[in-house]
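Please go over the structures that come below.
In what comes next, chain A is part of two complexes: it sits with chain B in the first one and with chain C in the second one.
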Partner chain A sequence: MLTQLRDQFRKTEVYKSIFRHSYQDTQRNRALQIVDNVFLHLHPVRVPRHATNLGYTWGMGGITFLLFIVLTITGVILMFYYRPTAQYAYEDMKYLMNDVPFGPLIRNMHRWAAHAMVLTVMLHMFRVFLTGSYKPPRQFNWVIGVILLVLTLLLSFSGYLLPWDQLAIWAVTVGTNMARATPLLGHEGPFGPELGLRPDNDVRFVLLGGTEVGPPTLLRFYVGHCIFLPLIATIFMIVHFWRVRKDGGISGPPPGKNNF
Partner chain B sequence: MQQFLEIISKPDNIPIVLLLVSVIFFTWLAWAKAKKNDSQQIPEEAKMDDKVQVWPYLVRMEFLMSIVVMAVLVVWSVFLDAPLEEPANRALTPNPSKAPWYFLGLQELLVYFDPWIAGVVLPTLIIIGLMAIPYVDINEKGNGYYTFKERKFAILTFCFGFLILWVALIVLGTFMRGPGWNFFWPWEKWDPHYVAVLTNVDLSEMIGIPTRLPDNSLNPVAFLFGGVLVFGFYSLIPIYWMMKRKTEIMKKLGPLRYNIVAFLFLTMVGLVIKILLRLGPPILGLNPVKYVWVTPWFNI
Partner chain C sequence: MADQPTNETVHTLTPAPPAASHAARISETPLPRKPKQDRAPEDDPGIWRMSRRNILWVGGWLAFFGFIVTSTIGALRYMFPRVLFEPPTKFKAGRPEDYVVGEVSEKFKDEKRVWIVREREGFYAIIAICTHLGCTPRWLPSDNKFKCPCHGSGFYKTGINFEGPAPRPLERAYVGIADDGQLEIDRSVKFLYEKGEWGKPGSFLEYKG
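What follows is the complex of A and B.
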């Protein structure tokens, strides 16, 4: 009875319009499973066996991407409860941690996934270096990777300020103080004073929207953290994945290696 | 020791503990794989280059890893709360003030360099240097499998930079730098009143050339001494090395790539030298070196 119903259902136009092939375990269906799916279509249909071996890739690129997705989802949820002004930011964090159902879980997941992503992106780079996977034809994808690394650090750093507590503002103060010393562009950097730079017109001022970490900084970092940086990072990730495919899939020993 | 355990178990420092453990594990893993590959004619990866279907072989792996990662993340988030300290207060500076953990290696460099080098020039060079790697490493071997034998220089240089200058300095900056950014061993208690009494001298002063003249203007001899030293370091060593070792690889590199490699490599070596100039002399009972080259606009 149930099987009959199921088979009937599978013959309807609705079902067929969603699932374009049967699930029988055939070579053809396995290929279609990948090609007919937007998300899995990132993949080729077949890969060399070592690409499925955790010992080779350490899975770090994939985990970094997964964490980025987790961060996007939890980040959007956090945005419902957070107002980026010096008046409300800290109160909103307290509210989130004490009164919002599952608030702490969402915030913790966002925080720890962010830390973990910085860690996994470094390990991913380490792996790519050690397998020499930046060598031709993948040179440019490595460069894109370095940009992604910088974007990951910037995302994490800009997010660090948002709780607006002591930890946040002093860590960001220490970090952004460096900008003062930028050669040519900072008021304490080499040739800065000679070029007429003052605390209120150098790069640090532009970065912070003031001479110290204050409410305008919070807004700047918020917009950068929630809109600008994720957008740029997404674009570079798309190019990164595209290039992995276009550069011939995952790296591996040259064909000649087999018959030395 | 008590204090050390406290710092190590601070929720925000867990990533550093993870970093240390995972870096050691993966270095060991890669080393074991490289050693195995180097001892045989064909790398292991080449024996696995037959094709398999992505569905199910790769997708199931990704699915499994996703579940594991999510499980770890949820457990981590249930049991450890993200820190939320007192509200921001500009009038209350914590001591020590530390940047987020991934920048602590750079913050540690502030001990040895002025901010414009530690905070701006070196990070920029790290980024540019990383991007340059594929274009200056013209060794075709070792592409797509673990090996050490076939690319010793590249691997040693990168590992030194990553493991020592990045990871180890982060660990040092987090766990052993206390109030006033003073150094404390893990078993020592952070003493906020501790004052390190060290008089810094410039390198020229070490050999008897004062940096400042009696009227407090810059001594031209000291200025020249430092300048010659810095420029000599960056120009003479590459030239000497090129004359001494006229190998195939150097010819293939060409002057542009050779000079880029030399510059980046010497910057890394120079960084270590500067660190040693600061830490070494006190061990011998001498004053630590502050600057190698003092100019009216900047000091190195």
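What follows is the complex of A and C.
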């Protein structure tokens, strides 16, 4: 009965329009199933045997991407309770941690995933360096990767301010003080004073939205953390993954060496 | 190379009827040359020998990049606020006789991040920003020093650094007497010891009373 219904359903126009291929286990069908699905097509049609060798890849790039997805989802959930104003930010963080159902779980997931992502990005970079996977034709992808590392650190840094507690404010005070000394752009950096830069018109002023860490800084970092940086990071990730595929798929040991 | 002569002969032998007939047609009917719309007249000597297509091409790209550049400048300017909701840097700090000789006043530390120090000879104002990484040091009266809680930088009462990672003394702010006889402090006017500015007028207010 059930089998009959299923077979009947598979003959319908609706089913055929969505799933264009049967499950017949042929090489061609397997490939087509991946290629013809918008979600699955992100994955390579064929995975080389060495790609599953964790001892070689460490899986750090994939884990980083997984953490990014976790951070995106938990971050959006946190946005339902968090208001990025000096008046409410700290209270909302406390509210999330104490009274929102599953609030501590979501916030801790976000926090720990963020810490872990910085770590996995660095380990990923380390692995790529050790296996020489930055060499031609993958040089360009290494550059993209370095940009993604910077974006990850910026995401981490901007998120650090959002609890709006003493630790956050002073960490960001210290961090953004570096911008004072930027050459040509900071008012205490080389050629800064000569170019007429003051505390209220240099690059740090743009970052903070003022001359010191204050409510405008919270709002700026919030928008950067939730919209601007994830968007830029996503674009670079698309290019990063695309390049992996175009540069010959996931890197593995030299062909002919059965070292796994 | 050996084939070339034969090729040539073939070429010469082949008639070129289209060209011939074309030339013949032109000679038969000398039509006045129509000015083409996408080309300047051939006798135009000017540097502006541009076709309509060229003008549209240049104009189009100019408009495109003009839009990109102006909107980028506008977006940058947008990020520089005109109005700051920050406490004013210049403020009045009460009457000088209210300060005790030898005291480091923390009255304006929370609000303005400034200590006002009263010595026998007069006043100076120290900005409460650690010269290491910008934290707020604490005044420890029992140790007679400023101590930064972040990384342990220590400063004498004068503001000179003597321990910890701070690379230079604390900065001093302008101190003077306002028209109504009150102390006047301006945080935006700074005096740096390493630039020899602590002797400049405004860095120290002579007052005996």
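The definition used in the following text is that the second predicted complex is superposed on the first by the 242 of 260 C-alpha atoms of A that agree within 3 Å, B and C clash if a C-alpha of one lies under 4 Å from a C-alpha of the other, contacts with A are read in each partner's own complex, and residues count from 1 in each chain.
Following the convention adopted for this analysis, contacts are C-beta pairs under 8 Å (C-beta built on N, C-alpha and C of every residue); 3 or more make two chains touch, one makes a residue touch a chain.
Only a predicted model underlies this, so the values are computations on that prediction, with no experimental measurement involved.
Undergrad: One more residue to check, A:T52. First (chain B), second (chain C), both or neither?
TA: First partner only.
Undergrad: Which partner does A:Y88 contact after superposing on A: first (chain B), second (chain C), both, neither?
TA: It touches nothing on chain B or chain C.
Undergrad: Would you sort A:P216 into first (chain B), second (chain C), both or neither based on which partner it touches?
TA: Only chain C; A:P216 stays clear of chain B.
Undergrad: Touching A:F102 in the superposition: chain B (first), chain C (second), both, neither?
TA: neither
Undergrad: Give one of first, second, both or neither to describe whether A:E188 is in contact with chain B, with chain C, with both, or with none.
TA: first
Undergrad: For A:W242, decide between first (touching chain B), second (touching chain C), both and neither.
TA: Touch status of A:W242: no partner.
Undergrad: Among the partners chain B and chain C, which is in contact with a greater number of residues of chain A?
TA: Partner with more touched residues of chain A: B.
Undergrad: Check the residue A:W170 against both partner chains and state whether it touches chain B (first), chain C (second), both, or neither.
TA: The answer is both, since A:W170 touches chain B and chain C.
Undergrad: So, does A:F19 touch the first partner chain B, the second partner chain C, both, or neither?
TA: In the superposed model, A:F19 contacts neither chain B nor chain C.
Undergrad: Who does A:D200 touch here: chain B (first), chain C (second), both, or neither?
TA: A:D200 sits against chain C, while chain B stays out of touch.
Undergrad: Starting from the residues of chain A touching chain B, keep only those that also touch chain C in the other complex, and list them.
TA: 170, 173-174, 177, 212, 214
Undergrad: With touch defined as at the start, can you tell me which chain A residues reach chain B in the complex?
TA: Residues 27, 30-31, 33-34, 40, 43-56, 58-59, 62-63, 66-67, 70, 86, 90, 93-94, 97, 104-105, 107-113, 115-116, 118-119, 122-123, 125-127, 129-136, 138-140, 142-143, 146, 149-150, 153, 156-157, 160, 163-171, 173-175, 177-183, 186, 188-191, 194, 212-214, 251-255, 257-258, 260 of chain A touch chain B in their complex.
Undergrad: Show which residues of chain B lie in contact with chain A when the two form their complex.
TA: The touching residues are 12, 14-15, 18-19, 22-23, 26, 29-30, 33-34, 41-46, 48-59, 61-62, 65-66, 69-70, 73-74, 76-78, 80-90, 92-94, 97-103, 106-107, 114-116, 118-121, 127, 130-131, 133-135, 137, 139-147, 151, 155, 158, 162, 297-298.
Undergrad: For a test of understanding, state which residues of chain C touch chain A in their complex under the given definition.
TA: Touch residues, chain C against chain A: 79-81, 84-86, 133-135, 150, 188.
Undergrad: Mind listing the chain A positions that touch chain C in their complex?
TA: 170, 173-174, 177, 199-201, 205-206, 209-212, 214-216
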